[in-house]
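Below, chain A partners chain B and then partners chain C, in two separate complexes.
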Partner chain A sequence: MMQKKICMLGGFAVGKTSLVRRFVSNVFSDHYRTTIGVTVEKKSVKVDDRDVTLVLWDLYGEDEFQRVRDSYLRGSAGYILVMDGTRKATLDTAIALQQTAAKAVGAVPFVSIINKADVRSEWEIDEGVIEQLREGGWTVLFGSAKLGQGVEELFVKLATQIVQTSPIPSDSL
Partner chain B sequence: MHTDPHGPSRDSRSSERRTSVDEDWTKLRTLLLSPEQTQLDEIRERLDNRAVQPREISRVLPEAFAMRGETDQSLSNVLTPYVEHGFGAAVRKSPRAIVDAIAPIMGPAIRQAIVRALQSMTQSFNHSLDDSLSIRGLRWRLEAWRTGRSFAEVVLLHTLRYRVEQVFLIHRETGLLLHHVAAEGAVVQDQQILSGMLTAIQSYVQDSFGASPDQTLDHFQVGEWTVWIEQGSHAYLAGVVRGTPPETLREDFQAALDDIHVQQADALTQFDGNAAPFKTTQTYLESCLHAHYESPPRPSALKLWILGGVGILLLLWWGAMAYQIHARWSNLLAELGAEPGIVVTMAKSTWRGYHLEGLRDPLAKDPSAMVIEAGLEPSSVKAVWSPYYSLDPQFVETRAHSILHSPKTVKLAVEGDTLVATGAASIEWARETRRLATLVPGISLYRDEGLVTTSISDLLERVNRTVVRFRSGSSIVEPSERAALGAVSVALRELDQAVSQSGQRVRLEILGSADETGPATLNIQLSKERAEAVRSALGGKELGGATTVITDILGPLKPLGSQGESGERIVILRATLTAASRGNETTPP
Partner chain C sequence: MKSWPDNLALHNESLFNAVLSTLDMVVFEREEDSAEFRLQGLPPDWWCMWVGPANGTVLDLGQCSPFLRDYLVGAHPIWGGQSGVTEKSGPWTEPDRQGGTMTLEATALSIGSKKLLLIERLGSGFEQMHAIVQRARDKMLAEDVTAKSHRKAETSLMGQLEASERTKDDALALLQHLRLAALVLDERGCITFASDRGLEMLGLVAKQVIGQVWEQALPFQRQDRSMIREVIDASSTDRTVGPLYIEGPHPSWVELEIHRDPRHLGRQIVVLSDRTELHTLRQALSEQASFHDLVGKSPTMLRTYQLVRDVAQVDTTVLIEGETGTGKELIARAIHFSSARKQKPFIATNCAGLTDSILTSQLFGHKRGSFTGAVNDQQGLFEAAEGGTLFLDEIGDIPPQVQTALLRVLQEKEITRLGEAKPRKVDVRVVAATHHNLSEDVVRGSFRADLLYRIRIARVQLSPLRERREDIPLLAQSFLGQICTATGKRIERLNPDALRLLMSHAWPGNVRELKSAIEFAVISCKAKEVLPIDLPPEIISAPVIPSSSVWIPLPNRDEKSRFLAALSDAKGNRTEAARRLGVSRATFYRRLVELDIDPR
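Entry: the complex of A and B
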């Protein structure tokens, strides 16, 4: 069984937990996120017909009061940046977090997702900005925590990228 | 090329020409090949002189080391003795520098080791103190002596109860689970998530307290569970322990972790999320799944001996008590058998108590009192006694006294079936007794030839005849008079006895008198004193239950017949009979 540590990053209340909650194994209460700043969850995906277990470290939202702890990022094979389409400030936070993460764990694969695709009309983040991000090498997906859209794709995409950078040995099944 | 077709005469010429050509060739060659020649010379020089040039080696040394290191271990093997030698020399030459260099690393490690050793020692010491004086402690001392272990170790082995329920091997940097083992029956949650959380908690604690990287979370406790964390360079062990583990368990954890680091050195450094190679750590992790249960308390040999001893003592005590009680019972039966007026017809002893049946004369001794005297619990003896008349002479005599109301002056004796009366009694009593005696159970005959009979009237007459004389002015009974009063006293007692049998009473008046000399008041006083003196000479109130004594003075100048008359220095007695209940007076005959 191949395992990969993944960090879920994003601004305050962008819907990180809501996005993944219905798709992950969770045994710890959300209480831990607010006390120690992280809760660990698990998501299994298939890449090239092989199971990869993503151990998700759902970090407490970055805001002016609480910074993401570098020690939580250590050892991550990849990370997910979550933004809220209706709040442009979350994009800036995501960019800052990407820089923090790159500094802490190096150039590991990452995927970003803009939440609240179900209320696209209310978005503050426009297509132009998204295009700029893509040109900057970002993978930008759209998702909806409310409808449960885009999550499976999010994890599969990230897992695929991770596996491509470090192939799974055949004896790991 | 150098062949000469001409003869020897032309040798000198041709030789000159040849020399000039060689020189030309040499010049041409020098002109054309000078640079190459220099290089060739250098190469030849190098080939000829193969001494190593340090500058050249310095250019390639790092790469050479790296390349050789990748292929095999030879370089390490070759260098090891030199490095060791060099290090030794360096330590000898400048130890201070070495100390400064390793102090930051060694300090915390040494401190941690000392703290653990102290904890372990304190734990052992406390247990030793607790257990050294008990019976259990003595038993463990014996075990320590027998097995060659230290006492503290034996104490720990016996008292601690713990169980390592789960052991996690976790990659330190990523927090990913490398391997996990659990004891049978342990509750196991998602190990991968738990590994992540354990790592997160450690990071949180470390960050929160600003601890240095070597200061890590050592353990934490939740209820009866303790999570022990043992750090290695690439991975750490987390043991979930239920109960109170001994500090020595840490040594096992550390040993297992060290072994894993040695065995899996490459896999750990190159870990990329693939936990498959760590399946081989199963045995190491399983070696950490210690469980120690305090053995159920077995009664010690000493305890058994004591219990057995107490049991035997109880048995002996019970036996002694049973024997004693049985002996008392036997004694009681013997005493009852010997007791007149009691006949035991049935005596039974059961586990609930004793049962007696028999005959008992109402005059016989109370059997209940005999039971108490024998030392038996009265409630344990159930007795049924049927009444009967015993013909034992003692009872026949007592019964004869009781039925015949014999006066105290009469002595009754039973001889066979004959009742013999002796002593003195009134004639009335003697007559009545002759009629009733044979009605007493056990009496067929009655004899009273030894009985002196007097009638009540005789006695009354004897009393009423009495005159006690006094000296002038004296109330002291003279010795001559006192002797006469003795006989009167006996008569009065007989009278009392006789009268009491007929249901009557005696009224005895003691009347004092004085002569006419002197003042009348003094004489009255003297008369009273004389009556009292006689009363006291007669024995006062002890004349008998049926006699009422009254003292008074005689009336003035009253003729008294044979007793004289008033106006003399005398005391006279006047006894009369009265009916006991009605108080009617009967005149003396």
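Entry: the complex of A and C
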């Protein structure tokens, strides 16, 4: 079975852990508990009739207290950039992390998601900025870990891209 | 850097195990040959529970978490490098066997030739650090929510402000479009708003008025400002002031309506209305009822006004004829102030009752020493009136010698001071007045015919008041206003019965007598209107004649009785008696002689 390491990247409290928990365990908690360090989860998805196990590295949120270590990104087959639509600053963090990740692991597939689509009226990230990201080659999805919207699609889309860019089956730890 | 011996070992195994237990740590040594990690000492309980009892002393990498596997791959350089170098994995979370999680951290180090791997379970120190970061992030999120709430409120307020500005702009545009003249005053009386039309009407620009106290900024006269202040301060419902005169390149009249701002009772909204045209029209109407200080709108008076205008246009001598008290001096003044000489002096003198020498000296002046008491050179009234008008009242009473001198002045335009031989050129217009019939005086020989012809080039004949009774209400109201202003009494009108009495009175003293009667009434009056009882007794007691009747002049016998009664009432005081009769002292004295009354 194909295993792929995927890092969850983003500012603090954007919902990385919530997305992983919704995807892996289909649970959600409104209570925010910050992540320190790394939690690794696994879940298999089917891509083009092939089972792919996603090894999800839920990294701590980047802020002034914690910087993401390059070593954690090592060996990643792809990564997910998570933003909080209600906090524009998380877009800047995502852009910085994308550059960090690109330096650390090269041009591996990545997908971005703007979380908290359940409170879309409160979003500070507007369509113009999103369009600019897409024009820059980003895949930008909207989702809500709270409602489960776009979560499965997020991981499957990245898995698909990863599989498509690595045609020869190989296990990756 | 400290170097360690290759055969490093803790000789006391129990102590080593105690250290590991205290540190809650498991230690593996990496064997060079097999690359296996072999357990050193006793592992803590959590490790045994996590890896399970079946696992022995070698770390099974296949069973390890992906994080640890990944770390152990990356930690190779540490073990290949210098002794004493360490590298921590950073914390990671693993599920424990009890359904919870535990946070672990691995450390790779080499001591001498030994390659060691330490795995510790992070305890209370980590939890404290976690709690601190959690609090910090919670606070940042809360601040973000607060900031967002503030931004939202700011956006909302900005929206309201913009809407308010738009409404204000719309209202202002409407205001300007309607050409409404308005000002807004704040609680301190400072002007906070002035419409374009308002500024235009006041002849000002915005920077002259905005922020200024209205009393300093607005071009009203002092007494008008007091009126406005009274209205602003008062709680009366009638809050209209004006029309008020505004000086400037384009003088105008404005009326002010002062409203309290219903939103802020301390503020005032002042609406200005241009009343210039209305005022001009009113003035035109008023001028028909008055002319200079003359009051009356009877056909007789209207003809008189026109005659005065006509006479004023020429520079001839004028003779004004009329009974005493009909306002001959007012006519003379009106002629002067309507003429081209109005910027020059107007001098009036009464020629009655003066001796030759006094009158000559008064009119023509004298040289020092020319007569007893002439201690200085003195110019006469002709010289004093140079360029202007000399009004000679009671010219019919001038002694013959003075008549001759006066004739010479009128013919030659020069005077000679008493005691001097050299004549002086004068440019004076003479307006004369008399209650006499000078033609009869000429026949009697008391007045020079040539002087009469010289002074009677233009004639104005004034009707007695009894012949223009329709002017009595107007005159009475005018005098009432004048006297109230002078005395400070607030009497608004004449009671109809009082007016009826005034209309019925004979008025032998003419307008002067009427004015005197009104003065008397104002002094007596205690109410807002003049009542019959306030009028002088001779008016109250006089028989009321029907308004349609024609006034019949009283015979001299009755007039003599009135003079005697007045003298008696005034206890022989001739000034008071003259006042009571409404005639001047000069007239009073003259009439005493004519009526053959001994004042004693």
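Observations
Here is the rule we use: the second predicted complex is superposed on the first by the 155 of 173 C-alpha atoms of A that agree within 3 Å, B and C clash if a C-alpha of one lies under 4 Å from a C-alpha of the other, contacts with A are read in each partner's own complex, and residues count from 1 in each chain.
The rule we apply is simple: contacts are C-beta pairs under 8 Å (C-beta built on N, C-alpha and C of every residue); 3 or more make two chains touch, one makes a residue touch a chain.
This one's a predicted model, so the numbers in the text were calculated from it and none came from an experiment.
Looking at the shared chain after the overlay, A:Arg87 reaches chain C, while chain B stays out of its contact range.
Of the two partner chains, chain B is the only one that A:Met2 touches; chain C does not reach it.
Of the two partner chains placed around the shared chain by superposition, chain B and chain C are both touched by A:Ile36. When the two complexes are overlaid on their common chain A, residue A:Ala77 makes contact with chain B while staying clear of chain C.
By the touch criterion defined above, A:Ala13 reaches chain C but does not reach chain B. By the document's definition of touching, neither partner reaches A:Phe142: not chain B, not chain C. Contact with both chain B and chain C is seen for A:Arg69 once the two complexes are overlaid on the shared chain.
In the superposition on chain A, the residues of chain A touched by chain B in one structure and by chain C in the other are 5, 32, 36-40, 42, 55, 57, 69, 71-72, 74-75, 173.
Residues of chain C that touch chain A in their complex: 65-67, 69-70, 73-74, 90-93, 101, 103, 105, 126, 129-130, 133-134, 136-138, 140-141, 144, 148.
Touching chain C in their complex are the following residues of chain A: 5, 12-13, 32-34, 36-40, 42, 55, 57, 61, 63, 65-66, 69, 71-72, 74-75, 86-87, 122, 124, 173. Remark: chain A residues 1-5, 25-28, 32, 36-42, 53, 55, 57, 69, 71-72, 74-77, 166, 168-169, 171-173 touch chain B in the complex.
For chain B in complex with chain A, the residues that touch the partner chain are 171, 173-177, 189-190, 192-197, 200-201, 203-204, 206-207, 272-276.
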